[in-house]
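Common to both upcoming complexes is chain A, partnered first by chain B, then by chain C.
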Partner chain A sequence: METLLQAIISGLVFGAIYAIMTMGLTLVYGCLRTLNMAQGAFGMVGGYAAWVLASRAGAPPLVGLVAGAVAAAGIGILTHFISVKPLVGRKDIDFEMTAYISTLVVAIMLSASIILLFGARNKAIDPLVEGRLQIFGTVSVSWQQVAVAVVALVCLGGLSLLLNRSRQGLSIMAVAQQFDAARLMGVPAGRVYWVTMALAGMLGGIAGVLLAPLYFVSPSAGDLPILKGLTVAIVAGLGSIRGTIYAAFIIGLIEALVATYVGSLWALPVLFSLIVVFMIVRPYGLFGKPEEERL
Partner chain B sequence: MSGVDEASAGKSRLARTLAWSRTPIWPTVAVVVVLAFIPLVWRNDYYISLFVLILLFAIMTQSWNITIGMCGIWNFGQLAIIALGGYATGLLVVKLGISPWLALLAGVVAGGVSAVIMVLPSIRLRGIYASMLTFAFAEVVRLLIIADSTGFTGGPFGLPGVTGLFDWLSPSWSLRAYFWLTLVLTAAVMLFVHRMMNSPFGMGLVSLRESIRFSIGMGINRRVAFIMATAVSGLIAGLAGGLYATFYHGITPSFMGLGPMGLLVIMVVVGGLGTVRGPIIGAFVVTMLSELLRDTVMWRLVVQGALLLIVLAFWPAGLDGLFERGYDRVRAWMNAGQDEGRPGVPAAAVAEGSTDQAAGRVAAAAVTDQVQRADRTDVAAAEPARPTKKVGRFKAWLNADQPPKPGDTAGGPADDPVRRGADAGDA
Partner chain C sequence: MLEVTHLRAGYGAATVLEDVSISVDEGKFVVLTGPNGHGKTTLLRVLSGLLPAGEGEVTFLGEPLNGKSAAAIVGRGLVHIPQGDLLFVDLTVEQNLFMGAYLSAAWRSRRDRIKRVYELFPRLEERRGQQARTLSGGERRMLGIGRGLMSNARLLMVDEPALGLAPVLVQEVYATLDRIARSEATVLLVEETLANARDIADYVYLMDTGRIVHEGTMAEFGADVLSSTYLGNRGS
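Showing the complex of A and B:
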């Protein structure tokens, strides 16, 4: 019973991180029809920004969080301009596949550049908050996990406010829903594109900083999150914001339960096998639309 | 070049319409013979092993190119197929002690079977979802091998001690033997793929890539066509994997994963996605680039990635497309003044004269154009039973060069080119 509770708590915390990570993927896919394979690398860059500030300038973790978000947002904009923008509107290529490939390559280039800058060694980073909170018996939550959950909820709430209330967010939603109509209404699609990429970078960076104390900051730190993020996005149905949140928590829970009861080495294989079965049963995800083409 | 006449002697109307040419073998044989002298003249073992690596990469990229470039199946699990071929070969040699040649054959079969198993569930998925499914398959394979602690596959440290194909030779002659073997196999694979892509079956694959709805409307059986193409791709991948495992006397799970996949992707795209020569060009350019950057290993991926971004931004058809355009331009310049004013035919194709390749390319362009036009309209509105005006005009142009052949009578609906393509694809 207590093991189960512990597993559920850790599943929910990871679900929260996956949710903000994948929200970036979802936004970019909804808006640009690009599966942004560099999303995991954004998180890795965010983690490094936080680590640089903490270790070289001794900045408090919260500053690291903000710095990670800002740095990753910058990388997001850069990624857009070097790998996605040159492909937009080209008639001679299959845009979705080419953008997939070019962002994948950007991810690889980012981790190679990080190795060039900081070396290949893993870096440890302090958690946002120290200590553990006893709930009852042997069940406990580290304050870091609580902080992760809080930050994730704040992010999701802020994102929802941004998307539904602000001018910029509404234009993102408009482009995602109906590109032509949005342009006819005077939404500057070019600016919406890079703003979306910046937003995705920011979310990825925050997720990266939150993940950093749990694992390490390393050049390949983005590989695992992007795999999980893709899984979540696919289960959710690409481009569905509501589905992303549900799917993130479902996958976080499945993973934590498998890791607790079967063994952590098996968490990913079992998860991916489940995904394969899931996609055979429901090829367009939980909340995706069963159309062959949406655009 | 009389390839068209010979090849079409016993061929269907479709074969003639699309200028289905049997790829001439002799030019490739000539190139292979010339290249075969390299290890005799240039006695540097390091460079010979580098060339073997390039050829292995060329086979691997070609196998991937068939699914991702030519059929438009979003297959991002190809490395797992290659690795499974390698592991099948290696395990048979190490655990059962059978001859590496037989094991290589088993690796080929393993590649084909696992590729079909992988792609089967993803055929009905759309683009990115299929990529995720195949990618997940590859990750499951990789993680299962890493998680294997029974010692069967060697786990994260890989499977050592695979006997080479030519271990009875001295090391440096074994290396040369590998060079010749991979050279011949690469040439055979390229010829085979070229023939396949210029056959009605290959045309069906191209039209499936351009528009699935139109092709299905034309009666192409998507499932059968994709499974066949995937099987071919898997067999070639298994071959490459088996060769890799025996050449390096082992295989490790680090062969798979995001990084190596990125390397192969760069090769495919830099060479030219969906072209036959592209994989060779890509494998050569990218491997040579790595070689130039041997002293600054960490810069490799950055430079290769930058190369890919540049190629994508400026020449999305890859280096092969770039070379081809340059070649066409030179030919057009040399032939300027001749052959002008033929209606409905691109100038570059005119400049090429009526060689098989040019005809084939124009045929492919015609198919693509027809598909794209029809795609814009309702599927029901596209008439499956009659060749469109474009094809008719193209046929007129084709026949203008050649005397009409016996039996070249106007066919009924059953003789329709694209439907025949579907039948050929189903067979």
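Showing the complex of A and C:
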């Protein structure tokens, strides 16, 4: 019973991080109709930004979190102008596949640049807060887990406000849902694209800083998160915002339960089997719509 | 108000509009009619900046529109209400309407504007919190038109507002368009079935295979012209 509770807590915390991470993929897919394979690398860059500030300037973790978000948002904008914008609207290429490859190239280049700058060795980073909170018996949560949950909730709540209430946010949803109509309302699609990439970068960066104390900051720190993000996005249904949140927590819980009861080596194989099953049974995900309905 | 002269346009190598000249005067209800698939919607797409013009000139309120972005064109008050509504189906009714006031000049007064739209379409106010995808066909049409009215529209280009609606709803939509034309903005209507707009049209253009083949007031528009196009026996 106590083991189960511990697993559920851990699953929810990881689910929250996956939700922020994947939301970046979801927003970009909604607007641009391509998978941004640099999303994991955005998180890796966020982690390094926090580590640099903490280790070289002694900045407190919260400053690191903000710095990670800002740095990754900047990288998101850069990624857009280097590897996505030149492909938009080209008739001679398949945009979805080409942008997928070009953003994957950006991810590889970001990792390589980090190796050149800081070396290949893992760096440790302090959690946002230290210590553990005893709930009952042997069940406890670390304050870091609480902090992750709080940051994630603030991010998702803020994102929901932004998307549903603000002019800029509504225009992101409008471009995602009805591109021609959005243009007829006067929405400049080009600006919405880079704002969305900045937002994706920011979310990735925050997820990266939250993950950093749980693992390490390393040049490959974005590889596992992008795989988890893709898993979540596929289970959710590509481009579905609501689905992303549910799917992130489902994936987080499955992973934690499998790791606890079967062994942590089995977590990834189980998740990937899940992708295969979804691809066959429900390729449009839990909350997506089949293509014909989307039109 | 709107002057289109010798316009040519199309998709890639396929020319759809051969040589189109029309003009719309402020306060006049102008109808562009003709059989389906002969360039009426393409003309609206060119005018609203979704599709580049090949040759020819478009001026609106005395200023040339050629090469202007869709955003710049809406900003000047030339507003296109597209065929089939093209709603943002996962947004609520109210969010759809706010999107219609996206440009900053309109955005600042969006709350006053939405009140005006709700006066025109009380049904939309009842449904304001619902997702657009849950609306009935008639309500969707109202939302499409209302969203267009949220902008600083001087000239509304409405594409086939009767499409897919039951006859009783068609009458209602046309009564509303008549009201809009009197109090809100000049209307350029694209309508395949000219009879729908018989009572409100001031001036009519008939388009066939990408050209304007006939124009005149509703009275001048003889039954012979209509029947000759619709029955498909032109020139044969």
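Keep this in mind: the second predicted complex is superposed on the first by the 291 of 295 C-alpha atoms of A that agree within 3 Å, B and C clash if a C-alpha of one lies under 4 Å from a C-alpha of the other, contacts with A are read in each partner's own complex, and residues count from 1 in each chain.
The rule is simple: contacts are C-beta pairs under 8 Å (C-beta built on N, C-alpha and C of every residue); 3 or more make two chains touch, one makes a residue touch a chain.
All values derive from a computational prediction rather than experimental measurement.
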Chain B versus chain C as contact partner of A:268, first or second or both or neither: first
Touching partner for A:183 - first (chain B), second (chain C), both, neither: second
Touched partner set for A:276, first chain B, second chain C, both or neither: first
Larger contact residue set on chain A - chain B or chain C: B
Contacts of A:171 with chain B and chain C, given as first, second, both or neither: second
Partner chain in contact with A:129 - chain B first, chain C second, else both or neither: neither
Which superposed partner A:8 touches (first chain B, second chain C, both, neither): neither
First (chain B), second (chain C), both or neither touched by A:113: first
First, second, both or neither for A:227, with chain B first and chain C second: first
Chain B and chain C footprints on chain A, overlapping residues: none
Touching residues (chain side chain C, partner chain A) in the complex: 48-50, 69-71, 74-75, 79-80, 82, 86-91, 95, 98-100, 102-103, 107, 147, 151
Residues on chain A engaged by chain B in the complex (per definition of touch): 29, 35, 82-83, 86-87, 90, 92-94, 96-98, 100-102, 104-109, 111-113, 115-116, 223, 227, 230-231, 234, 238, 265-266, 268-269, 272-273, 275-276, 279-280, 283-285, 292-293
Chain A contact footprint on chain B (complex, rising order): 68, 72, 74, 121-122, 124-129, 131-133, 135-137, 139-140, 143-144, 147, 212-213, 257-259, 261-262, 265-266, 269, 298-302, 305-306, 308-309, 312-313, 316-317
Contact footprint of chain C on chain A as seen in their complex: 164, 167, 170-171, 173-174, 177-178, 180-188
